[in-house]
Each structure stands twice: as structure tokens, then as C-alpha cells.
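Take a look at the structures below.
Common to both upcoming complexes is chain A, partnered first by chain B, then by chain C.
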Partner chain A sequence: MAATLNPSDAKVGSQVGRSVPRLEGRDKVTGRAEYTHVMRLPGMVYAKLFRSTVAHGKIKSIDTSAAKKVPGVLHVVTVDDVMKVLKSPYYGPAFHDQPILAHEKVRFVGEPVAAVIATDPHIAEQAVQLITAEYEEMPAVFDEVEALTSDVFVHEQLKPAHTFADLKHLKDAKNTNVALSYNLRRGDFDKAFAAAEHQFEHEFKTQKVLHLSFEPFACICDFKDTHVTFYDSSQGPSFVRTEIARLLGWPENKVRIKVPYLGSGYGSKLYIKLEALALALAMIARKPVKVAHTFEEMFYQITRHPSTFRIKSGVDKNGKIVARKCEVYWNGGAYADIGPRVTQKSGLTAAGPYDIDNVWIDSHALYTNVTPSGALRGFGVPQLVWAYEGHTDMMARALKMDPVEFRRKNLAIEGRAHATGQILQDHPIEKVMDKVLERMEWSKPFDRGGNSHIKRGRGFAIANKAVISPTTSVAIVNVSADGSATLYCGTVDMGQGSDTAMAQMVAEVLNIPTEDVRVTPRDTDVTPYDMGTLGSRSLFHMGHAVRRAAEDARDKLKALAKEVGEPEGSNIPIAELFQKRYGMQAGNVIGSGIYKPDYTSPAPGTGQSPNVTPFWMLAGSGAEVEVDTETGHVKITKLITVVDCGKAINPKSVETQISGAALMHLGFTMFEKMHIDGGQVTNASLADYKIPGFHDLPTKLESLYVEHDQSNGPFGAKGVGEVATFCVGPALANAIDDACGVRIMEMPLNAETVYRALRAKMGKPLEDA
Partner chain B sequence: MKPPPFQYHDPKTLAEAVGLLGTLDNAKLLAGGQSLMPMLNMRFVLPDHVIDLNLVEGMAGIKETDGVLEIGAMTRQRELEFSDLVAAKCPLLHQALMHVGHRQTRNRGTIGGSLCHLDPAAELVTVCMAHDATIAVAGPGGTREIAFADFPAGYLTPAIELNEIVTAIRIPVWPAGHKAAFIEFSRRHGDFAIVSAAALLQIDGGRITRASLTIGGVAVAPVRATEVEQAIVGQAPTSELFAKVCESCRSFEAMADIHASAEYRQHLAVVLARRALEKAADLADNAPWNRAH
Partner chain C sequence: MSNKIDLTLNINGQDHAVSVEPRKTLVDAIREDCALTGTHIGCEHGVCGACTVIVGGEAVRSCLMFAVQAQGKPIRTVEGLASGKTLHPLQRSFMAHHGLQCGFCTPGFLMLAVNTLEKNPAIGDEELLDVLSSNLCRCTGYQNIILAVKAAREDMRTKEEAVAG
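Right, the complex of A and B next:
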């Protein structure tokens, strides 16, 4: 059916709200979709990395002579070679602190020290094994709390990038591992806490876990003297372009980043990862160079932040929380990456979705001698919720209050002020809570099980998060002379279904079937600027830009109709419109849209702002478990997660985003952990680091949403990429406590940990057996 | 990763394979490849020669002779899983196979390969220990048999010479009507067990007349709980009895790694020993831990 200007059967909402199957789904399941990791360019050569075996040390010497002699090896590169083509080899989004290859010092085990470029990846791999290096080992610091006061400094001086105004004062700072301290002050914590009827203080910890995308990191750089092209597995091509242009001292228009489909990212492929290295190697090799990681190498690229969270609350005699202090320490690893942003942007929600008059938050980003930490599906919020929702349950138990009623008494509802001072809008937290409780049948009697060794329990948790702000998205909608529409947007479809959702919004505005909208592959020469596919921002920010671009195109088509003499309300086929105007099938109508939300920077020192986020993400989880008290084994019999999505643009995609996020977090909660011994990761492979599989699914898994119109959102919608990760961990820990009376303060909740806690509670610790 | 280069050999007869193994330096035998291939690819082993046994004739098959189940070393685990003979004569082996890796790995994995790799947590190793199996080996000097109790020489190390090949496994079957139970505790379904337990019971007239109890995954090789075996023979099977005598398993020497501490392994040995005996004696049919996944 040909697209027409004002179709008579036009139905508002016919495209938005449809569970349109993924536009690229068939290509993906039939193996036709393009991914960087399997892509090859003519004349391409391959690089593999030689990595540090010490956590902190001065490089005394690197011997590459044997590697150079391997047939097929073209170059063996150290930072000295890099600095011949790029004077300053340092990169990073918040700090320019990460060298392309280790420079003078190594700062973590696994840090790239040298690279081999060869005609074949296996030759490169073999040659890497012939490289040797000598280090003068230095004392190292691994723990985030120790790093605060340690006299071991990971960096001699700090090098903030100019991008972030709030990091400027750290320029050239010496003798510190603190990359950022974020503070929020509201009311008078000390006074309110001292006066409170009940006082509570707990310390929670989270472990080091990582993203493990199905497609490991991969980047191909094709360097020419006048321009450079990257084929990149990246969640943020616009940022990559800016950073590469900075390294080269070139204008952005000479740098081209092409991004095929991503085999997921979860935050790992943000900002800049392998691109600077690939650039340097391609400049040296004068051929296209591919750098592609193995699964094992991902353990040395980027992880989630381990954290220590000291939380204090004062509660009055009516069960109202009157004061809360949050001290959060983020283990950032050897290079800052986006850690300072995690520290600040999640730090501001550290006190939880509660209505508390007196709040004190200190959130510190710390350098340590381990693999760098960055964004991972939730930008730090899951670590915070782990603490404050465990803390909430512990307080309720101590106060002999029902944990759900205790929460209800304290929830921050619409119209109340958040700890930042922003008045909460579109914040239907009670709706989310009620839906979880309804599906859990919370008000009905709970079966605690009849077996003497198996104890049943249930738990609940609730959370909110502010979307990262302010950020910008730009989109273009191009209507061709035959009436077909093409969308140019930089949001990277890495499995979340953004291409389909964005196409649905174009189709809704233009009154055409979603399946007829073509979404161009990401290419910074073609697709306009986008801040990045991160932090659940795309559907909201890019969604606005896409909607505006489509509306702009629609308005221009109407103007064109007027210009060629069509009457008002004409239903002329679009193709005929172009024919009339240009005399043949020719021409384009180009609509564009830009979106950047309003924002007020938090006041320095107090973190207060009337407008710190354009929308809130809300999630609640309920879990039921069976604990085998003889072994500590936990079987999850029910896991229910409810989020507020504003409006489901594509209901099926919303549901799978929720189930995917919940299961990913189930792994982090129950068994995933990078074991680190003296800085060395001892389980850096999928044989020893297990992620959830189908057998780990809860007996019953429900992934649900409520639709509470987001008044400033495109079609009332907001993002849901991360939100279902927030509450899974504490809901499970609360359920275990409910089942058998033990409280675990540090993830993961594996069987031995649970069993040890049971024995400790009995007064017979396992180690004394 | 990919393995560094090696020379590949595909002998057609056992004599040829033994000949190659005896003459080549730094050679590895390839059976089902479910352990060797990942170890090659991750460069944990660096052989100069790989001798593939998959084309050697007469190394696979299952038969019963005079109360002994004889299984060729190259018999696939999946074939054992579907063997009526195994299910009828050796229910312990049948149960254990359901825990061996996944369907995909059982399609390829062999019993001989698993025994020679000798992972401390491997189910088939535990079954052979429980059944007092005998391992048949061929070398340049002819053939010999090794009692399974003597087969593990250390961690991942069978007591065979570098020039010997395991050809068959002989499992003396227990009388018809005997009871068997194989259970294990793993991080996730399909993962290597942290601790496993295999129980065999002969019960006549309400009393245990013969017992075998083996704990896998605790030490470098499976351990027979002889103290428990001796204590329960002649007794009526009850949960109270099993709970009392299985405490002795806490004294087993235990390994520690990132997956479990030594004292936790010892504790699991106690719990799993009791549960395996209870299951074999039909005392725990409704126990939640015996429910299918």
C-alpha cells in the first residue's frame, strides 16, 4: 500500500503500542546480520596483546626480539612506537589517564603492555607468548576503602579531561586515589539522627562482576593520511569520533565510525575502549588493523564497580525514617573510565525512593590496582539498592514492623521532594509496589514448607533511579520520492530492540507501517550526533528527536502539498506529490529533530537542584526462595519484577528487557564473582566464571510493567533498559533472611556463603567444625 | 584461542596406536575431546603429537559376561545413557550419566576419556570407585588390568604408563534387586560437581547385607567411606543410623578452591553421604533435593 499524505483510515496509536517483531530479527537468527567481531576488510591484519603480570610496577624492560622473528609478524609495538605516531597516548572520557599501551608503569594485572601485529590472529597470539617484560614491583592497593587512606597512589597525578566542569579542580592533584567525591546535604542529618528514637547502621558490599557481552570487544581501524574509518563494536560512536579526533588533532569530519549490530554491550562498550589502540596500530602498520578480544580478555577490559556502602538511618517512634547518611566507596580500578559519573549520577539516589528530611551522601570514586570499572546496566544503582533495601528490611525486622508496611510509610510519592530537592513527578512508586505485591499474593498466608531442612521465605525490594542528564540526541527522517521513509539515528541496537521502537515512532507520525521504515546502520558520516546508547536514555531522548524529525518531515510534506496546489486534507499518495513537484521520481523531504532536556546543575557541596533528571525509573521485585539449611543451597521458586515504563512503545520488547535484566542480575546476586588474588584474576574464563543459563531460571519468572503516562516523554514513554536490575539482589537477600533468619551483607549469595551464615547464627561457625 | 601446531595421527588399530604412543615424544591421546580440546585451545597442554583414537576398531561397545559389564574405552557416554543393559545391570552408572555435562558433551564424550582425565568431581570416576571396577590397559609389553582403587595416582593423573592406552572398563555388577543412588551438589545444573555421592546397597530381610559408599569431589580422587560401609552392614536401614555414621565423612582430607573451601566440602560429604544412602534405601523419595530439575 502506497504511503499517502492523510490516509482516510489513519489510526492514532496504530504503530506505537504494537509488539512489532524485531525488524532485524530474521537477519540475526539466520546469521546474516553484520558484527564487527567477524568482519574482515581487504588487506586487514590482526593485533594481539601482551599483558602485565604484575598489579603495580615500573617497567624496567620489554624484550620483543623473539616475537619479531616469528614468520608472519609485521610489527611488535610498545608505547614508544605509539608515541611516534600519537604524541600523547592517553585517553578516557572523564580523565585522560589511560595509556594506549602501558607507559613507564603498569597499574593492573592484564594491562596491555605490547601488541603484536601479524597477518593472522593465531600467529599474533603465538608471538605474544614470546614477549617478556621485567618490572620493578611496587606496593599495590586493591580495596576501595583502603584506597582512600592508603599511601600507595595508583596515579602520580590526576589528569581530568576538560569535558566535565566538576572535575576541573582535580587537575594535577597529587597523592590521592580519589577521582571524585560527590556530596549531597539536605536538612541536618547529625541533629535528626541524634534525636531519633531508633538508630541503625549497616555496611554492605558488592563484588567485582563483569558484562560478558556475547560479542567480545572488537574494533577495526582503517587509517588513511586524510581520513580514518573505524568499524567498531561501540555503544557510543559519537563519543568515539570526538575522542579520536582529539587524539589526532583533526576535525571530527575526518573521522568516521561505522557500527554494525552489537552482540550486546550492557555499558561495557561505551566511551572509548579499543579504538585508540586500533588507531595507533593502524597508523604504524599502514594497513587496516583488527583488535578483537577473546572471552578471557574481557576480564581485563572493564567491569562493574565493587562497592562498600555504609548506611545509617534514624527512625522516629512512628516508624518514619527521619535521617539517613550514605557513605559509598566505589572501586574504580586502575583507570577512571566513566567511574566519576557513576559516583555522581548514582550517588544522588543513594538514599533510596524514600521521603527523608535529613540526608547526607558522600560518594567517592577511587583508583585501585585492578581492572578498570565502568558502567554496567544500572550505572551503580544496583549496588546502592543492594544496600539500602537490605538496610530497610533489617530495620523493619528490628522494629517488628512488616517490611512492606514500613516501606509504605516512608515512600516518596509524587509531589514530595527527592533528596536532591527536585519535586517528584511521574513517580508512581506505589503503583509499582502494589503490582508486585498483588502478583506475589502478599496478603495471603504464606506456605513456609513442611520439610525440616527446607525453609521457604519471600522478600521484596523497591528502587528508583534518575536518568543521566543533561544529554543530547539528534535524528533525521528522510522521505524519498517513492514515499518510503528512512531514519538516521545514532542509537545503537545492541539487542534491546531500539531500531524497531524508533521505527515505530516514525511510522506513528507518518501514518505508515513500521515495517516500511528503514533504519540506517550507524555511521557517523551519515547518522547525526547522539550522546550514547546508555543509561536507559535512548527511548526518551532519541525518541523525542525521532518524533520531532518525523513531525518535521510530515509538516514539510504538507507544505509541499500546498506548494503544488493540493487542497487542505488531500490524501494524495506521497509519490505523486514528488512527481508533481519535481516532474519525475526525484527529490527528498528531510526532517530533523534535536532533543536536550532542561536541567539544573546540582549545587556544589549540597547536591541540591530543582531539576536534576527529566524522568525517574522505578522498579520493584518480589522473590520466593527455598533454602536447604543443610547445604545453604537456595532455589528461587518465584521472581517477579515490575517496572514503570510510561508507555510501552513495543510491549514485547519491554517484557524481554525486564526478564533479561532480571536474569542478568540473578547471576550477579547468586554466583558471579571475579576472584582476585594479589591483583591476579584467578577465574578469568567462562569455565570458572559462570553466568546464568536456562537451568538457573526461577521456577516462576514474571516480568511486568505499569503504564503511567510520562508527561514529558515521547508518546508518554521512558527507558527500561536497566530498571529491572535494581531490586533482584536485595529481594533475594530479603527472602533468604525471611526463610532462615540469616542476613548476607555481601554478594554473591552462593550456597557456601549462606551455609556459613546459618552456622554462624547457630553459634557454631563452620571453620570451627 | 587455537592450539599451537601439532602433528595429527589417526591409527586404525590398537596395535598401531600403541606403536605410535610408544615411539612419539610428547604425544597426547584424543578420545571424545571434551576435556582435551578446550585444554589444547587454551594452551594448557602443548603436545607435539595428537593420536586420535576415534578410528581405532574394536574400542567401543557394551557387553555382559559372567556378571561383569565390559565397556570399551571409546564408548560414548550417550550410548551408555541409552543402553538397556546398563540401566538393568548397573543402575548407579545410569543415574550418574544424567549428571555428566550436557547432552551435547555426552554425545561425544567417552567413558575411557573421562576416566583418564580423572577430574576429582567426574561422575564416571566416582561410579568406577563405587563398583570396584577394573581398568584394562594395553602397552608395548601386552595388556594388564588395574584395580580401580589403584587407578588414581594423583590429581588428574591415572596410574598408567606414558606408553599405555586404556582399552576397557570392567564393572562387576551387583545382584539383581540391589539399590543404587547417585546425587551431587554443583554450583549450577550441568557444572562440575563440588561434591557427589554414590551409594550401593543390598538389602535382604530388612537388613543391609552389602554396602558401598563413595564420595567424589572432596579429595583429588573419589574416596570410599569404608567406615560407613562397615557400620551399616547387618543393620536395618534408617535415617537415624545413616545420619549418625555419615559424620565420619567429615574427616576426609579435602581440597579447597575458589568454588568451595575444604571444610564446606567435608560438610557436604556428610550431608550427601546420608542423602545418597537414604535415597538408595527408599527413605527419602519425597525429599525436595531428590526432585527432578
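Right, the complex of A and C next:
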């Protein structure tokens, strides 16, 4: 069907709100989709890494002589070689603290110390085994709370990047492991807490878990003296370009980042990961170099933040929460990565979706001697919700109030102020809550399982999150002379379905079928700036830019029609329009759009801001469980998650985002854990680190959304990539407590943990293993 | 260790003469020596199933098998599922039911499901789930994969009945 200037609506129909099958689906089911991990360039060579075996130590010597002798090995590289091509080998988004290869010191087990470049990855791997290093071991710090006061310092001196204003004061700071402290003060916590009828204080913890994208980290660097090209499994090509340009001292236009489809990311492939290393190795090898991880190596790249959250609340005699204090400690690992942003952006929502007049929040990013922590689907919020929604239930139980009614009494509804001071808009939290409760049949009698050793229980949790702000997206819509439309946008489709959703928005504006819109693969030489595919920001921010670009193209086509003398309302085929203007099939119409929402930085010290986020993400979960009190085994019979998506651009994609996020978080809650012994990860493989499989699906898993028009969103929409992760953990812990009366304060809730808690409750605790 | 062995791999009906080290896994040979990159390498120790292919009528982990072991046996990979431009019912079904997101595990799931449904077109739901549970997906939450395979099962059955009738 040829595109025309003013088609009747009936011809195409609404493109927004359609469950369009993903545009790249055919490539993916035929094995033709491109991923970096799969790609090869002519003449390409391969790098493998020699990694530290100690958690904290000075490097005394590295012996690479045997590795160099292996046939097929081209170079064995240490930081000294790196510094011959890149003077300052340090990189990172918040701090320039991470060396391309360990420099003088190692700071975690698994840190890259040397690299072998060879003609074959297996040869490189074999040569790595022949490298040895000697370290002078130093005391290490692993725990986030200890790190605050420890006299072991992970870094000698802090090196904030110039990106974030609130880190400037940390420049050259010594004798500290704190990479940022975010503070919020509203009202007078101390006074209100002291005066409160009921006072509660709890401490919750979360463990170290990781993304485990099925396509491991991969990066190919093709360096030439005049320009450099990366083929990169990255969620943020624009940031990679900026950081590589900085390392090289080059202008950005000499750095090109090409990103094919990603075998998922979940936050792991953000900012800068393997790119600086690949750059250095390609400069040394003077050939294209591929650095690609195995699954095992992902345990040494980036993980989610473990956390300790001390929460205190004062409640008045009517069950109203009047004061809340949140002290959150984030275990950032050896390098800051984006941890300081997690600390601040999530920190500001640590008091939860509740209407509390007196709030005190301290949120600390801490360096420790373990694998670095960064963004993971929720940017810290799931760790916070784990604590505040467990705390909420514990208070309700102590007050002998129904946990749902206790929440209802305290929820922050539209028109009320959030703890940051921002007046809540488009915040239909009761609607989300009611939908969960309706699907749970909460008001009906609940079967608790009688006298058998199987005890049944149910739990609920609710949460909100602010989007990462302020961030910018740019898009281009190009209409070719045959009338076909191409979208250029930097949002990375890593499985969430963004290409399809963005194409739907273009199609809606241009009134053409979505399937006719071509989305250009991401390439910083071609696709314009985007801050990054993260934090559920893309559909909102890039969605606005895309809509504006399409509208700009549409308006320019209309102007072109006028220019060639078409009457008002003409439905001339677009191809004829170009023909008329240029005398042949020639020319382009280029529409562009840019979007950056308004924002006011939180005031230093108090964290107050009238406009800290352009939209709120809302989610609620309900869980039903059966606990076998003889074994501690928990069977999840029901898990219902409801989110507010504003408007579902692609309903099926929204549902799959919810079900995928919920099941992923079920894994984090019930069994996933990186076991760490003296800094050493002892289960760094998929065989030993279990993730959810088919048989871990709850008997009933429901993934639902409500549509509350987001008044400032593109087509009323907002992002949903991470929102379904928020409430799964506390809903399950609350259900277990409801079933058998044990409260578990630290994930995961595996059979051993539950059984130990049951035995402790009986007064017969098991000895530590 | 660089003593290479000459062997012939028959993939999707086509012979590939390759010369590989004895230690080379089947998945590496398929991807590197036969240039069929639709089969993905995931965990490389037999847990995730992303590398599943069909060898001699059985779904196998191609990361746990040496290339030399597949000599003389017909190998089927995701590239051989469609006939020309016509997709296999399972490929269509995975697309229609949103049975994939990032798509990295998809070729492995397709080969596992094809093998399962070809061997037992009338397989029951519970048994089907047991077989599918040998592969992992980190994105979808599995529900749409189950939907897609069940829908393809009906589709393939109806076709067989039509042929038989």
C-alpha cells in the first residue's frame, strides 16, 4: 500500500494500542538476527583475560613469559602496555576509577590483570592459564555497613568524573569508602518519632545477584589512526562514544558505535564495560579485536547492589505513619560504575509511596572489595521495596491492623506531596492496588490449609519509582522519495520491543502500517543522541522525540504539497509528491524531534525538589504460597502483578515485560544468590547459580496493567521495563509470614532459610552450617 | 594440539567439509567452520540450551558434543526450519504469540520444540512442559513460549490430519 498524504483513518486504523508482533521477529526465529557475540570481522583476533585471585592487594609481579610462547599468541598485555597507547587508563560514568587492566593494585577477585590476544579464542584462553602473578595481600572489606567505618580503603583517592554535579566535592577525597551520600529531610523526624504512639525499627538486607543476559558481554573494536569503530553489545551507545572520545582525546565524530540486537541487558550493558579494554587492545594489536565473555566471566563484570536498609517508623494511635527514617547502605563493589546514581535516584523514593510528613533519608554508596555493582532492572528500587513493604506488614501485624487497610490509610494519593516535596500527579496508586486485590479475591475467605504441615498464606506489596531525570533523546524520521519511512533512534532493542513500539508511534502519526516503518540499527554515525536505554525511560523520552520527529516529517510533507500546488486536503501519494517536486524519484523529507523533560535538582542536604521526576512508575504484587513446615519448601500458587503503563502502545509487549520482570524477580527473591567466600565467588556458573526455569513458574502467574493516561506522556504512555520487579519480593515474604508466622529479613527465601526461621521460631534453632 | 581432523558435517541436508581440532565442539564447528551462526552459544556447559540442535533425530546440546562425534549423522539447525520463504509452524507461532524477546534463546527452543513435536505430535501438556524445561529463557517469563509451542502443536497436528485424510 502506497503511503498517501491524507489517508482516511479507516484505511490504516490506530497503530498505537495494537499488539504488533515484533518487527525483528522473523530474523530472530530464522537465526538471522545479528548479535555482537556472534559477529566476526575479517582479520579479527581474540582477547581473553587473566584475572586476580585476591580481593585486595598490591601487584608485585606478573609473569607473562610462558603465555607469550604459545603458538598463535600475538600479544600479552598488562597495564604498562595499555599506558603506552592511552596515557590515563581509567574510565567510568560517575568516577574515573576503573583501570582498563589492574594498575598497581587489585581490588576484587576476578579483576582483569592481563590480557592475551591470539588468533583463536581457545588459544588465548589456554595462554591465560600460563600467566602467573604475585600479590602483596592487603586486608579487604566486603560488607557495606562495615565499609562506612572500616579503616580499609578500597581507593587511595576518589576521582569523580565531571558528569554529575553532586560528586564534585568528592574530588581527591582520601580515607573514605563513601562514593556518595544522598540526604533527604522533610519535617522533623526526631520530634515526630519521639512523640509517636508506636515506634518500629527493622533492618532488611538483600544479597548479591546478577543479570545473566543470555548473550554475554561482547565488544569488537576496529581501530584506525583516523577513526575507530566499535561493534558493541551496549545499552548506551551515545555514552560509550563520549567516554571513548575522552580516553582518546578525540572529537566524538571520530568514534563510531554500532549496536546490533542485544541478547538482553537488564541494565548490565550500560555505560562503559568492555569498550575501553577493547580499544586499548585494538590499538596494541592494530587489528580488530574481539573481547567476549563467557557466562562465568559475567560474575566478575557487574551485579546488582547488595544492600542494608535500616528503617524506622512512628505511627500515631489512628494507624497513621507520622515519621520515617531510612538509612540505606549500597554495596557498590570495587568500582563505582553507576552506583552513586542508584544511591541518589532510588534513595529519594526510600520512604515508599506513603503520605508521611516527617521523613529522613540517608542513602550511602560504598566501595567494597567485590565485583562492582550497577543498574539492574529497577535501579535499586526493588531492594528498597523489599525493606519498606516488609516493614509495612510487620507494623500492621503488630498493630493488629489488616495490612491492606493499613496501607490504604497511608498511601500517598494524587495531589499529595511526595517526600521530595513534588506534588503527585498521574499517580493512580489506589487503582493499581485495587486491581491486585480484585484478582487476588482478597475480600473472600482464604483457605489457610487446616492442620496439615502445609500452611497457606498470602501477601501484598505496593511501590512507586521516579524515572531517571533529566535525560535527553533525539530522533529522526526520514521519508524517502517512494514514500517509505525510516526511523533513526538510539534506543537499543534488547528484547523489550522498543523498535516495534517506536515504529508504532511513527506509523500512528504518518497514518501508515507499523510493518512499513523501517527502524535503522543503532549506529552513532547515523542515529542521533540518546542518553541510554535504561530505567524504563525510553518509551517516554524517546517516544516523545519519535512522535515529534514524525510530526515534523508530516508537517514538512504538507508544506511540500502546498509548494507543488496541491489543494488543501489532497490525498496525493507521497511518491507522486516527490516526483512533482524533483522530477523523478528523488529527495528526502527529514523530520527531527528532541525531548528533555523539565527537572529541578534536589536541594543539597534536604533532597527537596518541586519537580524531581516527569512521571511515576507504579506497581503492586499479590502472592499466595504454601509453606511445607517440615522442609521449609515454599510453593507459589499465585503471583499477580499489576502496573500502571499509562497507555499500552503494544499490549502484548507490555504483558511480556511484566511477566518476564516478575519471574526474574521471583528468582532473585526465592533462590538466586552469588555465594562469596573471602571475596571469591564460589558459584560462578549457570550450573551453580540457578535462575528460574519452567518449573519455577507459579501455578498461576498473572501480568496485568491499568491504563491511566499519563498526561505528559507520548500518546499517554510511560515505560514499563522494570516496574514489575518492585513488589514480587516483599509480597512473597509477606505471604510466607502470613502462612507460618516467620519473618525473613534477607533474601533469598529458599527452603533452608525458611526452615531455619521455622526452627528458630520453635525455639530449636539449627546450628550454622 | 593443532593436529586437525578432516570430517564432513551434514547440516540441513548439505555437506560441509571441515578441518577441525579434535577438541572443537560441535557448536563452534557449526558456527565458525560452517558459518551457520543462528545456533547461539550461551553458558557453554549444557545448562541453558541456547545451542540446542538436532543430531541424528535427537535434540542435543551442541556445546557438550565434539564436532567429530557428529560425523555421519544428519544435523539440523534453526536455519533449516523454514522451507524457502515459508516459515515452520513453530517459527510462526513464536512470532504470533510473542514467545520471544531478546531472541538469544529462541533458536535453541525452536529446535527442542521441533524435535519434541515431531517425535510425539500428541504429547500431553505436562510432558511437553517437562521437555521444554530443559532450556532456559531470562526474558519472557515462559508463558508465551508455552502458548506458542501449544499453538504450533495444534497447527502441526491439523496439517498432519489434512495430509492423512
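Observations on the model:
By definition in this document, the second predicted complex is superposed on the first by the 760 of 769 C-alpha atoms of A that agree within 3 Å, B and C clash if a C-alpha of one lies under 4 Å from a C-alpha of the other, contacts with A are read in each partner's own complex, and residues count from 1 in each chain.
By definition in this document, contacts are C-beta pairs under 8 Å (C-beta built on N, C-alpha and C of every residue); 3 or more make two chains touch, one makes a residue touch a chain.
Source: prediction; values computed, not measured.
In the overlay built on the shared chain, the residue A:S264 is in contact with chain C alone; chain B does not reach it. In the superposed pair of complexes, A:N683 makes contact with chain B only, with no contact to chain C.
Measured by the number of chain A residues touched, the leading partner among chain B and chain C is C.
In the overlay built on the shared chain, the residue A:H122 is in contact with chain B and with chain C.
When both complexes are overlaid on chain A, the residue A:F671 reaches chain B alone and has no touch with chain C. Once the two complexes are laid over each other on the shared chain, residue contacts for A:V38 go to chain C alone; chain B is not touched. Of the two partner chains placed around the shared chain by superposition, chain C is the only one that A:R22 touches, whereas chain B remains out of contact. Within the superposed three-chain model, A:L697 lies in touch with chain C and out of touch with chain B [touch as defined at top]. Looking at the shared chain after the overlay, A:T294 reaches both chain B and chain C. By the touch criterion defined above, A:E144 reaches neither chain B nor chain C. Of the residues of chain A, those at positions 122, 294, 685, 687, 693, 695 touch chain B in one of the two structures and chain C in the other. Put simply, chain A touches chain C in their complex at residues 19, 21-22, 24-33, 35, 37-38, 71, 122, 212-215, 261-264, 266, 294-295, 494-497, 652-653, 655-656, 658-664, 685-687, 691, 693-695, 697, 701, 703.
On the chain A side of its complex with chain B, the touching residues are 122, 125-126, 129, 294, 296, 451, 454, 626, 628, 630-631, 633, 635, 671, 675, 682-683, 685, 687-688, 690, 692-693, 695-696, 750-752, 755-756, 766-767, 769. Residues 2, 23, 31, 36-48, 50, 77-79, 81-82, 87, 91, 94-96, 98, 100-107, 110, 129, 132-133, 136-144, 146 of chain C touch chain A in their complex. Of all residues in chain B, only 1-2, 4, 38, 42-43, 185, 187-191, 250, 258-261, 263-264, 266-268, 271, 287-289, 293 touch chain A in the complex they form.
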